[in-house]
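The data blocks that follow each hold one structure.
What follows is a pair of complexes built around subunit A, which joins subunit B in one and subunit C in the other.
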Partner chain A sequence: MATMPASASDLLKSFKLKTKQQELLIRVSILCLVYILAFITRLFSVLRYESMIHEFDPYFNYRTTLYLTENGFYDFWNWFDYESWYPLGRIVGGTLYPGLMVTAVLIYRILRFLRFAVHIREVCVLTAPFFASNTTLVAYFFGKEIWDSGAGLVAAILIAICPGYISRSVAGSYDNEGVAIFALLFTFYVFVKAVNTGSLAWSLASAFGYFYMVSAWGGYVFIINLIPLYVLVLLITGRYSMRLYVAYNCMYILGMLLAMQIRFVGFQHVQSGEHMAVMGVFFLMQVFYFLDWVKHMLSDTKLFQAFLRITVTCAVAVGGIALGLGMVSGYISPWTGRFYSLLDPTYAKDHIPIIASVSEHQPTAWSSFMFDFHILLFLFPAGLYFCFKRLSDATIFIVMYGLTSMYFAGVMVRLILVATPAVCLISAIAVSATVKNLTVLLRSKNKVVQTGSTKGSGGSKSSSKALLDQSQPFQKNGAIALLFGAFYLLSRYATHCTWVTSEAYSSPSIVLAARGAHGNRVIFDDYREAYFWLRQNTPQDAKVMSWWDYGYQITAMGNRTVIVDNNTWNNTHIATVGRAMSSYEDEAIEIIRSLDVDYVLVVFGGVTGYSSDDINKFLWMVRIGGGVFPVIKEPDYLVNGEYRVDKGAAPKMLNCLMYKLCYYRFGEMLTEYGKPPGYDRARGVEIGNKDVKLEHLEEAFTTSNWIVRIYRVKPPNNRCPHNVETPVVTHLGDVFPNGSNIHGQSGTCNPQNLGVCLDLLGLVDVNLGNAPTKPCCSLIEGLVDLEGAVCLCTAVRANVLGIHINLSISLSLLLRNCERKVATEYICGP
Partner chain B sequence: MAPKADTQSAGAVAAADASSQFSMDPLFHILKVVPYSFLRAPRLRLKIPSVSLPSAMTVFSLVLLTYFMVVSGFVYDVIVEPPGIGSTQDPATGAVRPVVFLPGRVNGQYIIEGLSSGFMFVLGGIGIVLLDLALDKNRARSVKVSYAIAGISSVVIAYVMTTLFIRIKIPGYLR
Partner chain C sequence: MADHFFTFSIITLSLFVVASSGGLESELVADLLTLQAESKSGVIHLDDRTVSKFLTSPRTPRPYSFLIFFDAANFHDKPELRLRELRREFEIVASSFITNHNSSNTKLFFGDIEFRESQSSFQLFGVNSLPHVRLVGPTAKSLKDDSDVMDQGDFSRLAESMAEFVQYRTKLTVGPIHRPPALSKMQLGLITALLLLCLPLVAKRIFAGETLLHDPKIWLSGAFFVYFFSVSGAMHNIIRKMPMFLVDRNNPNKLVFFYQGSGMQLGAEGFAVGFLYTVVGLLLAFVTHVLVYVKDATAKRLAMLFTLLVSFWAVKKVILLDNWKTGYGIHGFWPSSWN
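Take a look at the complex of A and B:
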């Protein structure tokens, strides 16, 4: 029996891991847990509502992904979409970034190959959380590269739950940024690794990472400008090295060639002003290499100094002249408005109203920073301090990434997303360094005692040795307290992140939720209700006009052609729609008919209190329309600079098409207890014009909570030709012998009586033989021919007759029998 | 090996090169002939100011200043031009009361609330920096202790104030 315990303890000893293995186990398990955490924290909306695509842009991505799965890559790459931007159409293959769609389809094919029968929609919904988990892994390796593995682990944890990243990568948000942030961080990590090691393999990987980023998002311009800026800073601080040369050259040349494969990007890398910085630094690197080589060859320093001066002057001059020539000749295009407004934030407000109107493009207030970063806002400057204390190629990179991305995040709220990885990494450095200092303090008790006893070190007197021994437990307790404080702060961060994710960033935007009177959750699914009504109740080739926000959703879910959509590539087309919405109905109908529109869709939040409706967006329609058509002036719609919809509103506002379409029949509606009918809950006022009459449009559908309202465009009135000399030729075109017309007496048209009369006479089925008798003639006595015909047509259109009769025949018969001259055939229009 | 991308002025070149016999600089040779063959170059005791890179901590303090401006919503203030502080009218007395925090939205602020929040963030960051300085071995003990106390109090104050601000701004915070 003595052998048993021995073998048991031997067994246990064989299982006991060495410290290194223990550390590896801890690290791997932490990373696995973080991977799972990053995925599940993004699943709130899937659990609360259902697995659906959110917002607006993802619907376009979903539609293109569907097209790709059904038709294959060649058709997708060469797709011309005639169902949007009617009548212009859109070259989809050349105007999108295919990375996201190709990735989703690849995952879908792999799953199908493994015999998991998933629907492409599920893959699309869960693509973003999957890539967020991958981003945490990349953040770990990046942190390890910059600082050490502890910082890497903290970075992975911080980025897994950071709300700035979650906001655009939640499940259902099937948008380019979900994949692009992974590509961005991956490219940066691999590039820094290449600069640190000088290896050609890593540089090649960074070129391919850059290619993936270019295929995924238009924000690749950030990479292609940050990297030359970083290289420039390295050169200025005297850190030029062969490693940098190899890494940069390989990445630039290969990356540029690969990026040109994307049709949307095309030749921008050699033609656009935004890509010139990277080319300039490329040439500068060659000059540096050349000078280094010459210095190596020459032994005379003075000679070399002179040579240096001449070469650099020449190089800068040649570069400047080349750039100037390029810009003047127009070959190199200047910075586009989208990116120029990042450098000069006031530009968009004055010049490009479409960019300024998007709420994501507003500059950032402090509360948005706090909401998206919380504790990280304290840790960021501390992390910068640690980076500045220990400068290396890698830390200089992360500092530059952090500073530039924070500046851009301050200019535009949407770009907080780009700043998030940098802020998480730098904060991780601060956390890791502080915790390391504290734990060193905790463990330093033995060491200090040893040095005190053996060396009698300078700086500490013998009397203070006793003090040191006394203060040791105090320091230890202080360190423990501080560690608990740090743990507390991080736990508050985790609580904040989860709360923000749950409350603010998990809303699908297409399904609205509110709390009812008793605290129960009320769901408004009006958007999908309206789109499915469109899909099932309108003709296949119907064209829908709405504001550009809803274009993608209408094409994806309603499957109908739209006039403008979220791509906003044609400002004039959008301005035309804006002008139509802000004009009086008579002017608007001209524009609507010229665009061949069959249905008009508006979003109205007055009944539910939904504040992102078209009335709140209306001023942007006026501004954008007025930007192209000066006949629309914004002050016409305002009263003393104020935007109102109640009794004191501007008359142009009270009668424009948007107002009429939104408030049609709303004047009788009781929306809130204790308020008069016609009380608009979103604006909080009683509307000014309650009696809305529509002349050229009729209401087709209003959703159950009045959020989406669809109107049908009525066909134009029957307009009969006046010209007597040129008769309209039909098979019944006769002319009477006595060409007398009854003029002068003014008569009235009473469609109802006329209808009854015709009915009595059995005009239900008319054939040529029957002749109506005279009594009907008295009804149209006194009316000119034209008016009589119009009267009859009106009667039919008002459906008074309730029957469909062959009107051309009956009209002529009636008129002829009443001895009226029929010079031309009158035909009622459809 | 930093490049000196400036073209030297002729006078400085002449003054520096007075002693050396040979120069590769074509500009120098041109200038030696054209004005300075008949003009006498003055004897100056000018020195080219040597541009040296600033120290890391100088750059860090500049960076901290920029961070303060960005995070207090400076760009928002410049573009949207909100008032410095808001005002509301008391319905009962009719007196005008100031409102510090812009209510209703997350992405909106008045100037003063932005600046005070930005100050709190920077204070928290400086607190952590002070903590690190306090753990540095090469200082006197009293300095270390005072740094530690200052650091801890800065972090605590900054965190408490920031949480208070966000609770005032967003009434439903963490509920």
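Take a look at the complex of A and C:
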């Protein structure tokens, strides 16, 4: 009986852990909790809406993933998608980063193998949270590598809930960035580890991490430019070492070979300007190694100095010449617009409207930083200072990563995502170092009493501090107060992150939510309503024209062919759509017919007050259209530089296709109590053109809240078989359609004045469109087409133009040049 | 006889008039050409006297058209009018036109009028808003009503669209626009030569390890600058060309420094907040790395207290500003029984 308690206490004793083990246990359990937290905080979107794919791009990714699961990898790799970019089509395998899809399918297969009956959609929805959880682990190890395990833990906690990262990794946000941030941080971590240890294994791992990153996201360009920059800084500051040599060379050579296996990258990796820095540093590295070796061989320093000067000058000169030759011969392609716009931020705004138009490419205001980082912003400079106080290869890396990505985040809102891991890590250093100092202070007091002045309790800094502070009676209380302050701040951070995740970043943007008058949630599910309508009610091969934002969704959910989509690879094609949307209906119908369009889809928020609709995006359509077709001019749609849709709007605005399609029948609609009919709630004005008549299109479907409106393109009218093969020949004495005779209408048609049309009738190539047409056009203004043609014929016959033309003149060409829309070919008869 | 004499005298007189007016016209053109040659860009500076000499007094049709830029030196500092930029573009059009026609085209001249010195000319043209560019054709009798105004759309693409306007209205081709290169060839050559000269020196310094680059303080301040630059949204200000502050529309004496609404900011606003961010971080670093070495206990305590108060105030201020700006009320999801 008596032995039992003894053995039990023995057992307990054997379970009792040593301090080291206790610490490990606490650390591992914290990490597990963080891992779970990172996952579940991203599930708000599933709880609030449902398990579905969000936004625009993820729908394309989802569609391709579906294709991959159904048809296997090789079909996917060679897939030619004829359902988008009609009539061009798209080679999908060669124009995407397959990492995300392959990852999702791999997870799906593993789950299937383990006998979990899941649908591929659920896997896609949860891929991003899963990888976010993995990122927290990487952040822990990275923090441990740079500073200590405490900083690693804090970094893991911070990054788990940081809104800047959550914005792109909530459940349903099935986008490249979801896995890419993991790959990015992993590559960096492993590379730093390789530099610290000089081990081939770690550099091999970083090459593979880089390969995964290249396969997942175009942002790999950041890695391949940051790493050489880092190496360059190390070289300049005299931190060259054999470890660096091994890590960099192995990573570059293997990483390059692996990256070239991705079809979308291919030979760009050795040819394009963006990848030149890494190659240049690679050669520089060899020069350094060579010099080191020579220095080792030569004992005479003077001789070495001379040798050094010659070699460095030669190397730089040879490099410069090679780069110049490559640029001139076209072997090295120049930088792409996207890359260029990062270095010279005003570039995109002036030159590439298609990049500047995207909302996530806008420059960042301070409030966005605050929203995405909260207190990390305050801690970041402190962390920077800490890093500078303890400079090592690893801290130099994190400082450079932090600063470059911060700069890029300032240029584009979406790049806050790339900066987030760095900001979390650096802030974690600040938090961890400060808290550690404070706690050491608290504990050292007791230690001072017990053991006298032992120094070695904490880190080097804290011990010195503890020593200094011995004589201060208030120090303990001060430290407690400061600790409370720190924890208060951190708890505010947690509150902020949770709130932001739940309210701002969990919206799928395909289902819209608003607060009703009584605080209740109203859900607008119009997008899916429209896409399912397309799927059910239109012919299988129908082509849908819409602005490119909705292309991916229409193909993925509506299963119909689109003209343009979010892969903005062909600017001209997008500009054609922009031109159609911003032209008058009868001009637009020609473009629409030439593209074989059957349905036109517009998004309209005037009823619900949804502000990112097509009317608000319209100026970008005009800009992008005008960038390729100069007939579209932005000032035509503005009144004194102001964009309006009410009565004071520009006439071209009030009659363009987009306006008509959005506001068709809207003039009869009462949207808000106490406001006139046709009151647009998104713009807060009464619309200017309430009597919209459509000639060539007809309304096919409007969703319940009018957010999506679909129009059918009417077939050409049977009763007027006018076409170019059978021109209308006008004769003297022809009767105008309104019944009056040619000679009776001298009020509007005065052939004697038509001398100004001389330029147009044969002497000038009217196709150019820039001939001085205005005086001529103003003369035949007010005449219907046939009248104009007859009038001109009369002028030709009366020889007022001073030329005798026997040819039949293409009058339609002239009329078209006067911005008249003619479906008929007119020819002057004898 | 008297009758004959009368007729004869009328004929001679009219002949004389025709001849003299022809001579007058060519004289005017010659004057203009000299004025044009004198000016650097080929834009002739007009004032009240020359306006009457070249535009109001000669009989129509004049042998030339005049494209006039209306300028006001006292508005040059208003960025929203873009007067300086437009004037520069106007000069580019003028000089391109002149070089493309080898300074021998007498059909079109470019001129500018300054508001302060020629107010009556402004009235003559009926100009009451800037920027304003006007084309006076050969046949224009009344300067106010018969001349063509270049509208906003023709400024939009700067020199190119101005040239189109000229082409369209006067039927004269301007030809390719010659923009002056950002750096002249001479400068470019000098810079390259300097760089090449410096290269061995710099390389030597680098290997010797004694440049400024080896001083961590420089790097540190650079790092703080980059941080401040990014978080204050300076990039946003540059790209969007945001002004430092706005003048309140309702009350012109009041200045607006803070703009309500996320995704937009004013210049001063960003810098103020960026400064607050940086101050808190720096104070924390100061406390942990500098203050601990201070020997005097009271000084230490005072500094500590000061730091705490400033940090608290700055953080509070930024969070309040952010909530005000974005309109978000952030709150925790506590159980409702806790409230």
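We adopt the following convention: the second predicted complex is superposed on the first by the 684 of 830 C-alpha atoms of A that agree within 3 Å, B and C clash if a C-alpha of one lies under 4 Å from a C-alpha of the other, contacts with A are read in each partner's own complex, and residues count from 1 in each chain.
Note that a residue touches a chain if its C-beta (ideal position, glycine included) is under 8 Å from a C-beta of that chain, and two chains touch if they have at least 3 such contacts.
Computed from a prediction, not measured in an experiment: that's the story for all the values here.
Once both complexes are superposed on subunit A, the partners subunit B and subunit C clash. By the touch criterion stated above, A:Asp292 is placed in contact with subunit B alone, subunit C being left untouched. By the touch criterion defined above, A:Asn640 lies against subunit C but remains apart from subunit B after alignment on the C-alpha atoms of chain A. Once the two complexes are overlaid on the shared chain, A:Ser502 sits against subunit C while remaining clear of subunit B.
Touch criterion met: A:Phe388 reaches subunit B and subunit C at once. Within the superposed three-chain model, A:Leu403 lies in touch with subunit B and with subunit C [touch as defined at top]. In the superposition on chain A, contact of A:Ala183 is made with neither subunit B nor subunit C. Look at A:Tyr240: by the touch rule set out above, it reaches subunit B but stays clear of subunit C.
Residue contacts after overlaying the shared chain place A:Phe307 against subunit B, while subunit C stays out of touching range.
Subunit A residues in contact with subunit B (one complex) as well as with subunit C (other complex) are 236-238, 308-309, 312-313, 316, 345-346, 349, 362-371, 375, 377-382, 384-386, 388-389, 391, 399, 403, 406-407, 409-411, 430, 433-434, 437, 464, 478, 482, 485, 489, 495-496, 499, 503-504. Subunit B meets subunit A in the complex at residues 1-5, 7-8, 20, 23-26, 53, 56-57, 59-60, 63-64, 66-67, 70-76, 78-80, 106-109, 113-114, 117-118, 121-122, 124-129, 131-132, 135, 138, 141, 148, 152, 155, 158-159, 162, 165-166, 169-170, 172-174.
Interface residues of subunit A, counted against subunit B in their complex, comprise 235-238, 240, 288, 291-292, 295, 302-303, 306-310, 312-313, 316, 345-346, 349, 359, 362-371, 375, 377-382, 384-386, 388-389, 391, 399, 403, 406-407, 409-411, 413, 430, 433-434, 437-438, 440-441, 459, 464, 478, 482, 485, 489, 495-496, 499, 503-504.
For subunit C in complex with subunit A, the residues that touch the partner chain are 151-153, 156, 164, 168, 171, 199-200, 203-204, 206-207, 209, 213-214, 216, 219-220, 223-224, 226-227, 229-236, 238-240, 262-265, 269-270, 273-274, 277-278, 280-282, 284-285, 288-289, 292-293, 297, 301, 304, 308, 311, 314-315, 318-319, 322, 325-326, 328, 330-333. Here subunit A touches subunit C in the complex through residues 236-238, 305, 308-309, 312-313, 316, 345-346, 349, 362-371, 375, 377-386, 388-389, 391, 399, 403, 406-407, 409-411, 430, 433-434, 437, 461, 464-465, 468-469, 471-472, 474, 478, 482, 485, 489, 495-496, 498-500, 502-504, 633-636, 640-641, 770, 772, 774, going by the rule given at the top.
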